[in-house]
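Take this structure first; my questions come after.
Chain nomenclature is as follows: A, B, C and D, assigned in order of appearance, with residue numbering initiated at 1 for each chain independently.
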Amino acid sequence: MKFKKLAIESMEDLCFGTAPSPVTTRRGLIIGGGKVYPELNFTLPPMHINDDTFPDIKNQYREIVRAALQRGLELYSEGIVFEFETLIEMTKNPSYGVDIVKVMNEECENYFVKHGLKSEIRLTPNDLREFERPPKQRTSGYLDTMLELFEEGAKAGGDLLSIESTGGKEIFDDALMHCNIREIAFALNVLGVRDMQMLWEKIAGIADKQGKIAGGDTACGFGNTAMVLAEKKYIPKIFAAVVRIMTVSRTIVAIEQGAKGPDKDCGYEGAFLKAITGTPISMEGKTAACAHLSPLGNIAGACADLWSNESVQNIKLLADMAPTVYFEQLTYDTRLFNQAVSSGKSDILKLQKYMVESDMYLDPQAFILAPENVIKISAEIVKGSNHLDAAIKGALKGISLIEDAVSEGRLKSSEMEDAYIPVLKDELSSIPVSEDEFIAEMDSIIDKTKYIKEEYGL
Amino acid sequence: MKFKKLAIESMEDLCFGTAPSPVTTRRGLIIGGGKVYPELNFTLPPMHINDDTFPDIKNQYREIVRAALQRGLELYSEGIVFEFETLIEMTKNPSYGVDIVKVMNEECENYFVKHGLKSEIRLTPNDLREFERPPKQRTSGYLDTMLELFEEGAKAGGDLLSIESTGGKEIFDDALMHCNIREIAFALNVLGVRDMQMLWEKIAGIADKQGKIAGGDTACGFGNTAMVLAEKKYIPKIFAAVVRIMTVSRTIVAIEQGAKGPDKDCGYEGAFLKAITGTPISMEGKTAACAHLSPLGNIAGACADLWSNESVQNIKLLADMAPTVYFEQLTYDTRLFNQAVSSGKSDILKLQKYMVESDMYLDPQAFILAPENVIKISAEIVKGSNHLDAAIKGALKGISLIEDAVSEGRLKSSEMEDAYIPVLKDELSSIPVSEDEFIAEMDSIIDKTKYIKEEYGL
Amino acid sequence: MEELLKQIAHCVEFGKINQASPYPPDLKGKDGADELTKKALDQGATAEEILTNALIVGMGKVGVKFRENKVFVPQVLMSAKAMSAAMAHLKPLFASGAAKRKGTFIIGTVQGDLHDIGKNLVSMMVEGNGYEVIDLGVDVNADTFLTEAEKYPHAVIGLSALLTTTMVNMENIVNALKEKNPETKVCIGGAPVTQDFCNKINADLYSPDPQGLVEYLDKLAS
Amino acid sequence: MEELLKQIAHCVEFGKINQASPYPPDLKGKDGADELTKKALDQGATAEEILTNALIVGMGKVGVKFRENKVFVPQVLMSAKAMSAAMAHLKPLFASGAAKRKGTFIIGTVQGDLHDIGKNLVSMMVEGNGYEVIDLGVDVNADTFLTEAEKYPHAVIGLSALLTTTMVNMENIVNALKEKNPETKVCIGGAPVTQDFCNKINADLYSPDPQGLVEYLDKLAS
């Protein structure tokens, strides 16, 4: 762990709109510089992706972006980030991905030149390596393909580079279904961390070379998978909350390797990253219900710098195409944030308080996201001697905060849920703090056909 | 005009969640009694409605309601209103409509009995009379069909009775496209008022007889049509704002005839009705973007007692079916409202201020909805000697408020827009205050093939 | 003559219907589209000439301004009225076959649907571009479309729908029309309609706005 | 014997795999599904009997608790493991034809798609209900489904997809399977899939959850 102390030490300073280290983009958006901007995400409706359909696909991306910019103009928008998260075919054939970035960028540029409307593209290639099982995290040819898309996509106008990297997922998924926190720690905080160290050095390198901004990662495939399963009542919510905390010392690696933010949406570890590193973050809450239901609708915005809808298909709603509709919703959300900003600090804290308190006592996953708890947990995380230790310290702190709140009757819970508290505590406390020791232990337990040690430099 | 003074005289008392005359429903929801509840609206995806498809349709309505109640339970919802706005076939064949109310009510009852979750159904038959052109507002057989649905639907579990009545629309639509404010006044404030007087006497009678609640009307087909056209830049926004104000003395007739509220969503005259009559109201803003874009996303909530999404098709989004997704969004919005409520009056006003100020200076339609302006305009409306006079007084006040704000540079506008200010003022001022005089004047102007005088008791 | 046609175009563009119309102020009291068209005919202009070189030109200009949000609909409607005033003089010539319109367009809102604001705008724009428009109104069933299509075998048909439960009626109507005459072109529009839906029901054109329709009609006509 | 089968069912219900398993505490040190199944066989129970009257009963109970949100997935997985331990003894008998399973179910996530959490749950539930499950994993193309379907001509096929861009691949797969053998039943599922889509591509069943699928399989099997 590179970060030894918090960039934001008091909960009063962990607010939406402002980050200690704001990021200025090519067209002049200052993310974390005082205002919250919408980050619009979208995907294709059910359809094939191939050479025949590609002209239509390109056109869909163009129209989505154009319509949002046009509506942005009508709503006096002050800035927009578009996330282009590629679908598999667009990464496998980077020229697809690059072409789409180009058309998106043309529209952004057009509205910037003609109307002064500032917008930027976050380019998020999907992590192809998981297509091979066991994945070859370092030696797979897919890695080169992904990096090619980063490089060429950056040249084409992708200004913020991000990824949802998946190192360790081959172990994580099963472990999650079994609520095996030990294997989860190994997957996230040993394998995930090592993979990100390798990967983010490369991404940050490309960003530097191309004069672009390395945005950040997210443990969506870990933390949000846990949340989605908890929403389905497949695993305990308390378990999902602990997994969330453990994603922090994984995702932070992007920043250790040079990412500057805004950290990616699709996960909620951003709040902790902001407290620890001071980088601006993208968060998603109620207005991402199109992509997944959650217990975090309001509280997720407590310290957001970008406010995202995660993803919505390009289909028609009664009013208009769904991305335009969600853009409008995000815009009104951010207007509310920014109205409080323009009224001053005490108003920011007021609005934040409503957002936080309306959710925090109804679900442990919301509870840990309350700024006071984010600060307390982050303070433990930075005490970790390594990423593994950091995760365990953070998780234990989180559990104890949850336990107190439950036992004081402040936080809603159930017997079925609470039964996991002692189990989790015991399990986590028994994980060796020494990474080497832990690696050796897991080496003897984990099925060798499932992952390739060497691909993580082990 | 029955109402001669305001039920709410100061802007500080015109707030979300609380109305001077709250409405208590069968299952114990108190609307306007302190909290804001979500009002979920939905409609079918593209499909035919006939005997073959009806079992599926019934099932869709059941599933929509069940899924929302289930999610409501998971989100600790304190109350839900479902609006069932019938599609034409369901009014033409009241048994369709009644059957749907039944299945919806079964689910509501089930969740109430098993889990104590309170929910209620607003039944809104659509106004069939417009199917005949010129419409026979009083003598049409359709009227009986509509009333049959009201009566049988109420018995089946429709507790709040509403309609979007359309008297005068046959004159209004054309007048709107021509921006002919004179004919609009005739359509809304003479014909519309007279039609509502006839219709709402009957609806309130049915509600009384069945022990149900007469909810209210909305001039959606007038005010929102104007807003949608203004959003498309087909007519000036200032014009649409004036039309909105003029809908107030039309829609208020429901309450004069015995409606108790909550006034229906799909229009924004509710804010004025609340100030004048004290009845609780349903409003829709950013979370109704699925149904129509608007310049009122946040400000619409300033004094809402129910918070609605207007309508969304039952189609699948990435997370879940669209009605479930919108229910979740509405729930988080209302959590925020209610968090402020539970922190006390000064917090209600704080949150309201953010909502109001984030929108009010960006569009004249938003501007007139700011509580201070609602009060000022309403105070003029109640001075009207009749509904027509009330509409004109209110409209002139609205224009003068807009004019001042524009000239002081507080309110965004444009030359093209502003050009309409003097024109509107002149036109409105020249309308005779005497209804008889105006009727005589219009009688000589308006094309007799378009409407039937006698059907309005003229 | 060229000057006269230009004046007519100007009257159409600014909605100067006739001598009595008060707008635009600088033409107050002067001749409008009505009088000038009569004059042009008297001076030997053909109906086609007036239609193509004056009326469509004027409507085209106001159409562009409308597309660029430089005027509101009421202004376009004034222009349409000025054009109608002029057309009143030309219609007998077209009717007698002495002159020809660009084509015929039959439009209606489909069965079960009463929304007509969009449809009316489409009518107006198509008419303003030199086509004869037959507006069947709202709540129009397949039979009525068939009957009208038989009367005007070369007409293009336009269907409008604003409800998700009525847009599905477009399919029957398209089928019925194409069965009778596979050559019939059917265009569809209205808020819930999409290109996908258009493909699915085998209609010939979907356009989100009147402009796209007019371009299509012009392509067919040329 | 009845008592023994009851005990096995109990072990499956509470995830008592074998003597060594620590859960549930009250059975600590006692025999688990593993040992008890062997014992039952030794005492002359048939494989079908054990499967139907013990294993499926135990899995059924935990399945109901899961559906009623009274247990989480890890508990169900423990039950599934206990069942597997028992099945290890029965499999040779089924393989030799000396005993018969309720049926065979082949499942995979379709080409281009790696989401398998949902698919894995489905596998587990189907297996727990007495079917042989052949799990082809993720990113499975039509050819692989065809090959496996040929190997098990009476098997029901299940397709899972979580992406809007891969669900469309289901159509090819259904077509390919049905072309080869029109009798093949194909079930589909996954978050973006709907009943409408199922109808459109001519699949035989859509179910939002494993329960619906199991009901369908049971109906086919009976």
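Keep this in mind: a residue touches a chain if its C-beta (ideal position, glycine included) is under 8 Å from a C-beta of that chain, and two chains touch if they have at least 3 such contacts.
The model shown is predicted, which means the values in this text are computed figures rather than measured ones.
S.K.: Can you give the shortest number of steps from chain A to chain D, where adjacent chains in the path must touch?
M.R.: Tracing touching chains, the least step count from chain A to chain D comes to 1.
S.K.: So what's the Cα centroid distance for chain B and chain D, whole Å?
M.R.: 52
S.K.: Counting in whole Å, what is the centre-to-centre distance of chain B and chain C, each centre being its mean C-alpha position?
M.R.: 34
S.K.: When the centre of a chain is set as the mean of its C-alpha atoms, what distance in Å lies between chain A and chain B?
M.R.: The answer is 39 Å.
S.K.: Tell me, which residues of chain C touch at least two other chains?
M.R.: 164, 192
S.K.: Which positions in chain A are in touch with at least two other chains?
M.R.: Touching at least two other chains: 43, 313, 318.
S.K.: How is the touch graph of the chains shaped: line, ring, star, complete or other?
M.R.: Per interface graph, the chains form some other shape.
S.K.: Dump the list of chain pairs that touch, please.
M.R.: Touch list across chains, by label: A-B, A-C, A-D, B-C, B-D.
S.K.: Quick one: in the complex, what on chain A touches chain D?
M.R.: Listed in rising order, the residues are 43-49, 87-89, 130-131, 133, 173, 177-179, 225, 229, 233-236, 313, 416.
S.K.: Can you name the residues of chain A that touch chain B in the complex?
M.R.: On the chain A side, the touching residues are 43, 71, 74-76, 231, 285-287, 289-293, 295, 297-298, 311-313, 315, 317-320, 322, 324-326, 328-329, 331-333, 335-336, 338-340, 343, 347, 350-351, 353-355, 357-359, 362, 412.
S.K.: Over in the complex, which chain A residues touch chain C? Could you list them?
M.R.: These residues of chain A touch chain C: 316, 318.
S.K.: Which residues of chain D touch chain A once you look at their complex with the stated criterion?
M.R.: Spelled out, the residues of chain D in touch with chain A are 69-74, 77, 112, 114, 116-117, 120-121, 137-139, 163-165, 167-169, 192, 197.
S.K.: Provide the residue numbers of chain D that touch chain B in the complex, in ascending order.
M.R.: Residue positions touching the partner: 164, 191-192, 194.
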